[in-house]
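Two complexes follow with chain A in common, the first pairing it with chain B and the second with chain C.
So, the complex of A and B:
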C-alpha cells in the first residue's frame, strides 16, 4: 500500500469519523469533531507529502507535482480552520471536516486516477465536496447565488469532459475539436478568460481555509487535467501545438483584465480571487510557451516555460494560501471583508499584517521574493520565443503569429506585474495602514495562535522555495518532463537551474542584507525604548478616519485607464444646500464576461425555458402525447434505417 | 389458422374499443382481450402439442386477472362514480376510427422493414401488438374520464403482452407475472382514486385536474409572480 493511498484513507476516514462524532455528541460542541477532523487531516497530509516527495524521485512526476500544493496548503488550511471555525460553526464542525477532508482526498484521487472514468468520478466528487464547503455558511446573503453558480460551473465542466470523451478516437478535425472541448472543460476550473466568473463569487462566500485550498491547489488541477486527460495522441503532432496555442493565448488574454478587475474590488477575497485568475493566466502562458517550445524544437524555451509554470504554480499555492488565510484572520478580527471599512490593522494584527504584506509583495512578482522566480522564467521563455522567431526561421504564418504572441505576452506580463502591485497596494493600504475607519476595525485583536501558525508555516515555505529554487527546478523538471512524454533534455535543465541559482543568490543576498540592516537598526540605540507614535497626520490638525483616502480612491486614477474594460460607472450624490449633511461618490464596475457572455446566455435560457414551460401545463393527455410522438419518431427512425440498410444490401447483391 | 383467427379478433376488438362510448361496453371489450391473451399461447402450444404445466398456469393466472378481476374492479369503480358514458372525448368517435385505420396502415407498413422478422412466431403478432399499444396510448390521450384512461393503460399493457407472446422470449413467465402484478396494483389504485376524485370534484375528468397544481401555466399569473419576486 503506497503512502498516497494511506493518506487518502486517513483523510476520508477521519472526515467520516469526525462527522459521526458530531452526530453522536451533538451537545459537546466544538471539541471532539474538530479535534478528530484536524488531526486526521494534518496526519493524512503529512503522510501524503512524504509520498509525493518519494513520487517525485521514482514515480509519476506530474501527479506528484500537483499533489504537493494539495498537501501543503491543505495541512496549513486545516490548522487555520481549527481557529477559524471556533465559535462560528454553529455545531456543524463535523460536517465541515467531512467535506474538507473529502475535498482533499478527492483532489489526491484526481491526481492518482488511472483511467478516464475514475478520473471523472474523482473530478465530480471534488466539485461536489467543494460545493458543499462553498455553501457552508449558507445563512449569509451571497452564499446561495455563489454556491449555485459554482455548482453550475462544475456541472458544465463535467459535461464538457464527457463530450470530450465521446469525441475521443476521432480523426482529423474531430480530434482537434475534442482537444478544444477538453481545454474548455478544464478551463472552467482554471478560470480561462470568460470562464472565470464563478471564482470571484465562490471565494468570498466560502470559509477562508476552503478558499485557500481551492485557489491554491484545486484550480491548478485543471492544468493537470489538460496535460493528462485531453486526448492529445489521437490529434497527432497538431494536438500539442493546438494546446500550446490555446493556453498561451488564453493566458495572455486573461491576465490584464483579471488584474484590472482585482484592482477594482473592494471585497478583500474578491480581490484575491481575481488575482488567482490572473496567476492561473500566467501559469497557462508559461505552459503554452513551454509546450510550443518543445513542438518547434526550441528545447531551452520549452524547459524554461514548463519550469516557470511549475514553479509559479507552487509559489502561487503557497502565497495565495497565505493571503486567503490572512483574509480569513482579518474577517474574524474585524467581522468584515470590505476594505473601506478596515484600516489600521497592522498595529492591531502585527503578525497577520506582516505576513499578508510580505506574501502580497511576493505575489506581485517583485524581485527579492519567490513570486518573481516563476514569472522570471516565463519572461525568459517568451524572450527565447522572440529570438527564435526573429532568427529568421519564420517560414510559416504560424511562426510569425507566435512571434507576435510572444511580444504581446511580454508586454502583458509586465503590465500585469505592475497592476498586481497596485492591487495589493490597495489591499494593504486599505486594510492594514492608516487609521481604522470603523469601530469594529478599531477594536480588532490579533487572532488565535493556530491561525497565525498556519500563515507562518506557509511563509517560511515560500522563503525556502525562493532560496532552493535551483535545486527544486533540478528535482522537479526531469520527472515532469518524462511524465509529459517529452525528452529529458538534461543540459537545458542545468542551464535553467544555473540561471535560477544566480537569481536566488542575488535575492538571498538582498534579503540577508535587509535583515542585517534591520537587526543593526534594532541594536543601535542600545537600551532606548522605541516610542510608539500616532500615524502621520499629513499636516492636518485633528485628522479623522473620514479624511483618509479610501482604498477605492487610491486606485481610481488607474481604474480610469481601464474604464471600458471594467465597465466603470460613477454614481455621484453631490452635497446640497448650505449645510450639507450627505454626499457620496461611488465607483461601480462589472465583469466584462458577465455582461457580454453570461447575462445574455442566462436571458436566452430563460426565454427557451419559458417556451418549454408551456408544455408543462398539467394535462396528462399532453404529456402522454409528447411521449407517444417521441416513441413514434424513434420507430420511424428505425424504419428509415431499416429501409436504407435493405436498399444498401440490395445494391451489394 | 387458429391463432390467425385469434389475432384478427384481437384487432377487431381494438377497433371497436376506439369507436364505442359506453364505459361498461369498453370494460367488457378489454376483458375479452384479456381472455384472448390467455388463450393465445395455450392454443399455440396445444396445436404444436407441447403444452407445459407452467404455461397452463400462466394462462390461468392471466385469464383470472385480466378477464375477471380487473374488469370487476373497474366496473365497480364505474358504478360508484356513477358514470356511464364518455360524453365529450377530446377526439370524436369518427376521428378515432379514422385514426385507428391510420394506425393499422402505419403498423403494417412499418413492421415490414423492422429487423424483427426472424424472431417472431407469427407474421401478424408484431403489427397487432403495435396497433394495440397505439390504441391504448390513443385512449389515454384522447379521452377525458379517468376510467377510460385506466382502460387505455390496460390495453397498452395487453399490446406489450402480445408482443412478448409473438417473440417467445426466454423466461417470459416471470416477466409476465411481474407485469401482471404491476397492472393489478395500478388498477387497484386507479379504482380507489377514481372514487375519491369523484367524491371531491363530482367528476372524473382528468383534464380539469390541472387546477390542483401550485401554479398554473396561464400567462397573467406568471407575470404577477415574477413581479412579486422583483
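So, the complex of A and C:
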C-alpha cells in the first residue's frame, strides 16, 4: 500500500469518525470531533507529503507536483480551521471535518485516478464536497447564491468533460473540438476568461480555511486535468500545439481584466479570489508558452515556461493560502471583510498583519520574494518566444501570430504587475495601515495561536521556496517533463536553474543592502532617536480616521480606466445647503462576464424550465402519455438504427 | 571580460553613487539660468543631505513602522538595479541573461515600499500621493516594458548588457526611425518615473498637487535624506539606461573614453530635464495618463516598424 493511499484512507476515515463522534456525543461541543478531524487531517497530509516527495523521485511527477499544494495548504488550513471554527460552528464541527477531510481526500484521488471514469468520479466528488463547504455558513446572506453558482459551475464542467470523453477518438475537426471542450470544462475550475464568475462568489462565502484550500490547491487541479485528461490529436510534443495556443491566449486575455476586478473589490476575500483568477492566468500563460516551445523545438523556452508555471503554482498555493487564512483571522478579529471598515490592524494584529503584508507584496510578483521567481521565468519564456519570432523564422502565419501573442503577453504581464501591486497596496493599506475606521477595528486583538501558527508555517515554506528555487527546479522538472511526454533535457534544466540561482542572489543582495542601509542609518548621530508625533496633516491638530484616504479612493483613478469592464457606476448624493447634514459618494462595480454571459444564460434556463414545468402538472395521464411517447421514440430509434445497420451490412455483401 | 572593462564599470558605479545628487544641482542651475537667477550652487544638494543626516527623525504616532522601512528599501533597490546596468558602456560583471526583468521589478519594489510607507501614516495627502503614484507607475511600467520588448527584438538578446550595448551604429542606420521613437518614449518614462515636469513638479509647495513629494511629507531627518538620495540614484539609473540605449557603445576604442562620455551624457540628460522644466508647465493630472499611453504607443509603433518596416 503506497503512502498516497494510506493518506487517502486516513483522511477519509478521520472525517467519517469525526462526524460520527459528533452524532454520538452531541453534548461534547467543540472538543472531540474537532480534535479527531484535525489530527486525522494533519497526519493524513503529512503522510501524503512524504509520499509526494518520494513520488517526485520515482513516480508520476505530475501528480506529485499537484499533490504538494493539497497536502501543504490542507494541513495548514486544518490547523487554522481549528481556531477559526471555535465558537462559530454551533455543534457542526463534525460535519465540517467530514467534508473538509473528504475534499482533501477526493483531491488526492483526482491526482491518483488511473482511468477517465475513475477521474470523473473523483472530480465530481471533489466538487460535491467543496460545495458542501461553500454552503457551510448557510445562514449568511450571500451563501445561497454563491453555493448554487458554484454547484452549477461544477455540474457544467462535469457535463463538458463527458462531452469531451464522448468525442475522444474522433479525427480531424472532432479531435480538435474535443480539446477545446476539454479545456473549457477544466477552465470552469481554473477560472479561464468568462468562466471565472463562480470564484469571487464562492470564496467569500466559504469559511476561510476552505477558501485557502480551494484557491491554493483545488483550482490548480484544473491544470492537472488539462494536462492529463484532454485527448491530444497526435502523440509527441506536436500534439500539444492546440492546448498551448488555448492556454496562452486565455492566460493573456484573462490577466488584466481579473486584476482590474481585484482592484475594484472592497471585500477582502473577493479581492483575493479575483487575484487567484489573475494568477491562474499567469500559470496558463506559462504552461502555454512552455508547451508551444516544445512544439516548435525551442526547448529552453519550453523548459522555462513549464518551470515558471510549476513554480508559480506552488508559490501561489503557499501565498494565497497565507492570504486567505489571514483574511479569516481578520474576519474573526474585526467581524468584517470590508476593507473600508478596517484600518490600523497592523498595530493590533502584528503577526497576522506582517505575514499578510509580506505574502501580499510577494504575490504582486516583486523581488526579493518568492512570488517573483515564477513570473520571472514566464517573462523569460515570453522573451525567448519573441526572439524566436524576431530571429527571422516567421515562415508561417502561425509563427507571426505567436510572435504577436508573445509581445502582447509581455505587455499584459507588465500591466498586470503594476495593477496587482496597486490591488495589494489597497488590501494592505485599507486593512492594516492608517487609523482604524470603526470601533470594531479599533478594539481588534491578535487571534488564537493556532491560527497564527498556520500562517507562520506557510510563510516559512515560501521563504524556503525562495531560497531553494534552483534545487526545486532541478528536482521538479525532469519528472514533470517526462510525465508530459516531453523530452527531458538536462542542459536546459541546468540553464534555467542557474538563472534562478542568479535571481536568488540578487534577492539576497537586496535584503543585505537594505539591512546595511538600516544599520548605517541607526549609526548616525541622531539615528536611534525617534520622537513620536501625530501625522502632519496641513496643520489639523487632531487627524481623524475620516480624513484618511479610503482604500476605494486609493484605486479609484485606476478603476476609471476599466469603467466599461467593471460596469462602474457612481452614486453621488452631494451635500446641499449651507449646513449640509449628509453627502455620500459610492462606487459600484459588477463583473462584465456575469452581465453578458451568465445572467442571460440563467434567464434562458429559467425560461426553458418554465416550459418544461408544465409537464409536472400532477395529472397521472399526462405522465403516462410522456412515458409512452418516450418509449415509442426509443423503439423508433432502435428500429431505424437496425435498418441502417442491416443496409450497411447489405452493401458490404 | 577583460580587467579594464571591469575597472571602468566599477569606477562608473562609484561615480554614480558620488555624483547622483549633482544631477539635481545641475537641473536647478539650468532652471535658474532660464529664470534669469543666479540660483543655488550645484553642490547645494550635498549640503542639504549632510544637514538632514545629522538631524533627528520624527515618526508618526499612527505608523506601524513601515514608514521607517520605506527609505532604506528604496535606496537598496535603486543600488541593486544600478549594479545590474551596463555603466560606462561596459557590461555589468553581475549581469546575467534575463536580468532585464529583475531590473524592472527591482524598481517596482522600491516604489511599492514608498507607497506602503505613505499609507502607513494615515495622512490624507499621502494617500492622495500614493494613489497617483500607483496610477502613473502602472502605465509607465507598461511603456518601459514595451521599450524593452523593442530592444530585445532589435538585438536578439535579453540581458541588460546585451540589449543596451550591442545596438551599434548599424542599428541606427537600419532602423533609425524606430530608435528615435524609442528614445522619446524612454525620455517620457524617465520624466514620469522620476516625478519631473510635465508629470509632477518636485518644487511645488501645495500638497494637493503633489505626487512624489506628498508621499514623503512625514519623513524627516535621515529618512528624508535617504529618500532624496534614492530619488537621485533613480534619476541616474534612468539617465544611464536612456543614454546607453541611444548611443552605440562600441564606438569607443579606449574604455576610459567611454566612461567619460557616459558620465557626460548622464549630465546631458540632467540639462535636458532642466530645459524641459523651464520651458513648460506640468500637465493636469487628467492629461498625464495620455502622455504615458503615448509613450507606450510610440514603443508599439517602433516594434511595428522594426518587424514590418524593412
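Just so it is clear, the second predicted complex is superposed on the first by the 575 of 653 C-alpha atoms of A that agree within 3 Å, B and C clash if a C-alpha of one lies under 4 Å from a C-alpha of the other, contacts with A are read in each partner's own complex, and residues count from 1 in each chain.
In this text, a residue touches a chain if its C-beta (ideal position, glycine included) is under 8 Å from a C-beta of that chain, and two chains touch if they have at least 3 such contacts.
All of these numbers come straight from a predicted model, not from anything done at the bench.
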(message) Between chain B and chain C, whom does A:635 touch in the aligned arrangement: first, second, both, or neither?
(response) first
(message) Tell me which touches more residues of chain A here: chain C or chain B.
(response) C
(message) Per the contact definition in the header, classify A:538: touching chain B only (first), chain C only (second), both, or neither.
(response) second
(request) Using the superposition on chain A described above, determine whether A:323 touches chain B (first), chain C (second), both, or neither. (result) neither
(message) Per the contact definition in the header, classify A:619: touching chain B only (first), chain C only (second), both, or neither.
(response) first
(request) Check whether A:379 is in contact with chain B, with chain C, with both or with neither, and answer first, second, both or neither. (result) second
(message) Applying the document's definition of touch, where does A:548 land relative to chain B and chain C: first, second, both, or neither?
(response) second
(request) Mind sorting out which residues of chain A both chain B and chain C touch, each in its own complex? (result) none
(request) State the interface residues of chain C toward chain A in the complex, per the touch definition above. (result) 53-64, 66, 68-69, 71-73, 75-77, 79-80, 83-84, 96-99, 101-102, 104-106, 108-109, 111-112, 115-116, 119-128, 130-132, 134-135, 137-139, 141-142, 144-146, 149, 152-153, 156, 158, 207, 217-218, 221-223, 226, 289, 296, 303, 307
(message) Considering only the defined contacts, which chain A positions touch chain B in the complex?
(response) 613-614, 616-621, 624-625, 628, 635-636, 638-639, 642-643, 645-646
(request) Could you please specify the touching residues of chain A with respect to chain C in the complex? (result) 343-344, 346-347, 350, 353, 357, 361, 364-368, 372, 376, 379-380, 383-384, 386-387, 390-391, 403, 407, 410-411, 413-415, 417-419, 421-422, 425, 428-429, 432-435, 499, 502-503, 506, 509-510, 513-514, 516-518, 521, 524-527, 529-538, 543, 545, 547-549, 553-558, 561
(message) So in the complex, the part of chain B that touches chain A is made up of which residues?
(response) 90, 110, 113-115, 134, 137, 140-142, 149, 206-207, 209-213, 216-217
